[in-house]
Amino acid sequence: MRDRVNRLMALIIQACALSSVLVLMGIFLMLLINGAMLFKEVSVFDFLTGMTWNPGAFDGPAYGALSLIWSTILVTIGAMLMAIPLGIAMAAFMSEVAPRFWRNLLKPLIELLAGIPSVVLGFIGIELIGPLLQKYLGLSTGFNALNGSILLCLMALPTIISLSEEAIRAVPFSFKEASYGLGAGKWETLIKVTLPACTSGLIASSMLGLGRALGETMTVLMVTGNALQFPHGFYDSVRTLTSTIAIELGEVASGTTHYFALFAVASLLFCLCLIINIAAEAIAAKFRYRQT
Amino acid sequence: MSQMKLEAKGLDLFFGAKHVLKKVSIRIPDKQVTALIGPSGCGKSTLLRCFNRMHDLNPMAKLKGDVLFEGQDIHLSKAAELRQKVGMVFQKPNPFPQSIFDNVAYGLRLSQKLTKSELEYKVKAALSQAHLIDELPDLKASAMELSGGQQQRLCIARAVAVSPSVLLMDEPCSALDPISTRKVEELVLQLKSDYCVVIVTHNMQQAKRVSDLTAFMYMGELIEFSETRQLFDKASHELTRNYLEGSFG
Amino acid sequence: MMNRNWYSNLGFGSLYLSTFLVVGFIAVILWDLIYKGAPSWNWTFFSEGPQEGMTKGGIFPVIVGTFYVTLISTIASLPLGIGTAIYLQEYAPDNLLTRLIRSSIRNLAGVPSVIFGLFGLVLFVQHMQMGTSLLASGLTLGLLTLPTVVASTEEALRNVPQSYREGALALGATQWEVIWHQVLPAASSGIWTGAMLAISRAAGETAPILFTGVTFYQRFLPQSLFHEFMAMPYHIFILSTQHHAIEIVTPIAYGTALLLLVQILILQMIAFYLRYKQTSTRR
């Protein structure tokens, strides 16, 4: 009896693992297969380099995703320009400067930020940041790439801060001791010894933050204006890959070229995120390897 | 010749490519204390763990040769059933994070349907066998709050509660202070009237104090196995003599 | 010497400033949500449905919808995720395949949520013919949180000392008995911590339910698994971007956002407490 239960449970557990893996593989296959259907009608080159995205046009719809890709890159770069320095600086503060009490206070705060739903941040972008940008930058509207970047920065920060802090804290104390022993000050030790010792950890955390920002949908959908155009700067309205899917999927009939085009967009996004995550993991693994 | 309790015949064990036990043959009698000694990494704990199939957990472990319990190949019976008859006490005390009572009752509850009073009786019997019952007024207290020595004796009580016929002890005193060590050693000497005890130790004085038979292992090989007094007084092998004299270890 | 000191002060000053900026930003967000959200909280807000084109009334069916969909996602993801983690940690041999599975699950945690929405649309809504429904959305959210559950459970199982397993095995427990009696109880607070995070994630997500079952207005509560439903995140989205009278409904949107925030705060506090309890009892 006990033996039978043991074997039965082993089977059930294996079935769980198998179905998880199947489902997760299914996501990958579903995306690629549906996405590939687009390329029966549109060439990959046109998809990646075409300037116009106008799938709804009656006379000759266009499936050029370049402006969507550029929008995504623009917003993400803006977010990273803010989030990486802020995040690493705050991580350094938390691990090297702040007394224990403050660290214990900051950590849950960062976790809370990580937990705020993207739709709530998007709402803040509409109600708070948008009007501020409009007023102080003298723009006609606050719905632009900059607003999106600020929100994505907030979304990427928890990832960057917590992983960077872990990386900085993992630097052996003996390194710092050696530096102090040579007469270096606290700041020189931080800049010349501690941070360089965990560079790959910092890069990995920044990349994971980047991946988070890249795939974010609701915030950018809500605050970037979503104009179909090729953006020239942070004050322009942009429409990212993710927003395009969110906006258009609701209104397209399944099996049409437009439908497949959205899957192609999703596949592109998926591959980008996957590459970034795998690279980050590889860099982090190298970091851990060097530590031991 | 009487039947041996435990026996290994030409036992080879590999962890991946590493050859950790080399053609070990040993016959361990009942109602005696057998000590396994040798320098660290010599395979003494590894050999001990072969007797209750603890290597089953490690997929890298490959075993060749025979291990017999009461003349039967241990790989023919179910591992769980074997381990109920061949109990084990580990190097570091490892009580479960539960009450003292539940710790001792765990093995009993697994295999036997007992009434509450029977269970209580057996738990108390096991605890008194380990001389713990007087020290522990409250059996509902958490086992994690006991001292290291008490925890180790609790683990021994836990092991004897299911009435095994063999008790394997893997350096049971290495994490304990001298007073607790003495208590555990006394316990071992009492236990041998009921059990076949195999004890791994790196402490030669301990082997001398508690064991009837001693086996010396070196680099995965069983170098010498004889009565304890004989091994310590006039070892036949040069390696054994060197080790006992303390020239390496 | 003077120069060096100045340089160092500037450096540390920038660290303080960065921290201040981030903390300040979070504080402003929280303050804004509380200041503008709290006034719309009253009994009607929680107990009644939207009225007069959502400009009046409360969000009762919205809360219920979020509760249902989160419940379904939890029922779907917890057993599957915990089972998968048990397999990976307790049963699977440590080989290339296992490492591959583990790393692909980890990578799935980084897949954009909108892609899970697409998958839910294709698999549940279309292929399995659930239509746009509570069930389809719940399962989609379940898949979204699956990697989180697997990763946190694995972590919790990894932290259970090997000596517990050996101790139970040596007493004659079967592998399942070891897991059920010793490993899972010892890992439970870690597992629950992960579950709380998964629940709070599922409750706050919008993109995955966008195409799989959420609707902006419905007069009745969902009566079965195959009905559409309202949900808090989507309600905020609609009220702040798609409504014809955004000015008027903004207080309601603030109230909803605050509720979502409070709910997440509570779940995180439970998770925090569980972790605290674990670190204080272990040892």
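Every chain is named by a letter (A, B and C) in the order it is written, and numbering of its residues begins at 1.
In this text, a residue touches a chain if its C-beta (ideal position, glycine included) is under 8 Å from a C-beta of that chain, and two chains touch if they have at least 3 such contacts.
Since this is a predicted model, take the numbers as computed values, not measurements.
Within the contact network of the assembly, the step distance from chain A to chain C comes to 1.
Of all chains, the one whose Cα centroid sits at the greatest distance from that of chain C is B. Nearest to the overall CA centre, using the mean of each chain's CA atoms, is chain C. Note on chain placement: the centre of chain A and the centre of chain C lie 17 Å apart, centres being C-alpha means.
Averaging C-alpha coordinates per chain places the centre of chain B 47 Å away from that of chain C.
Once the centre of each chain is set as its mean CA position, chain A and chain B turn out to be 54 Å apart.
Multi-chain contact residues of chain B, defined as those touching 2 or more other chains: 80, 110-111. With touch defined as above, residues shared between interfaces to two or more other chains in chain C number as follows: 174, 177. In chain A, the positions touching at least two other chains are 2-3, 6.
On the chain C side of its complex with chain B, the touching residues are 93-94, 161, 163-174, 177, 181-182, 185-186, 281-283. Listing the residues of chain A that touch chain B in their complex gives 2-3, 6.
In the complex of the two chains, the chain A residues touching chain C come out as 2-3, 5-6, 9-10, 12-17, 19-21, 23-24, 26-27, 30-31, 34, 85-86, 89-90, 92-94, 97-98, 106, 108-109, 111-113, 115-124, 126-128, 154, 157, 161, 185-188, 190-191, 208, 211-212, 214-218, 222, 242, 245-246, 249-250, 254, 262-263, 266, 269-270, 273-274, 276-278, 281. Chain C makes touch with chain A in their complex at residues 4, 7-8, 11-12, 14-19, 21-23, 25-26, 28-29, 32-33, 36, 79-84, 86-88, 90-92, 101, 103-108, 110-119, 121-123, 126, 143, 146-147, 150, 174-177, 179-180, 197, 200-201, 203-207, 210-211, 233-234, 236-237, 240-241, 250, 253-254, 257, 260-261, 264-265, 267-268, 272. Those residues of chain B whose C-beta lies close enough to touch chain C in the complex are 52, 54, 57, 59, 79-81, 83-84, 87-88, 90, 92, 94-97, 106-107, 110-111, 144, 155, 158-159, 162.
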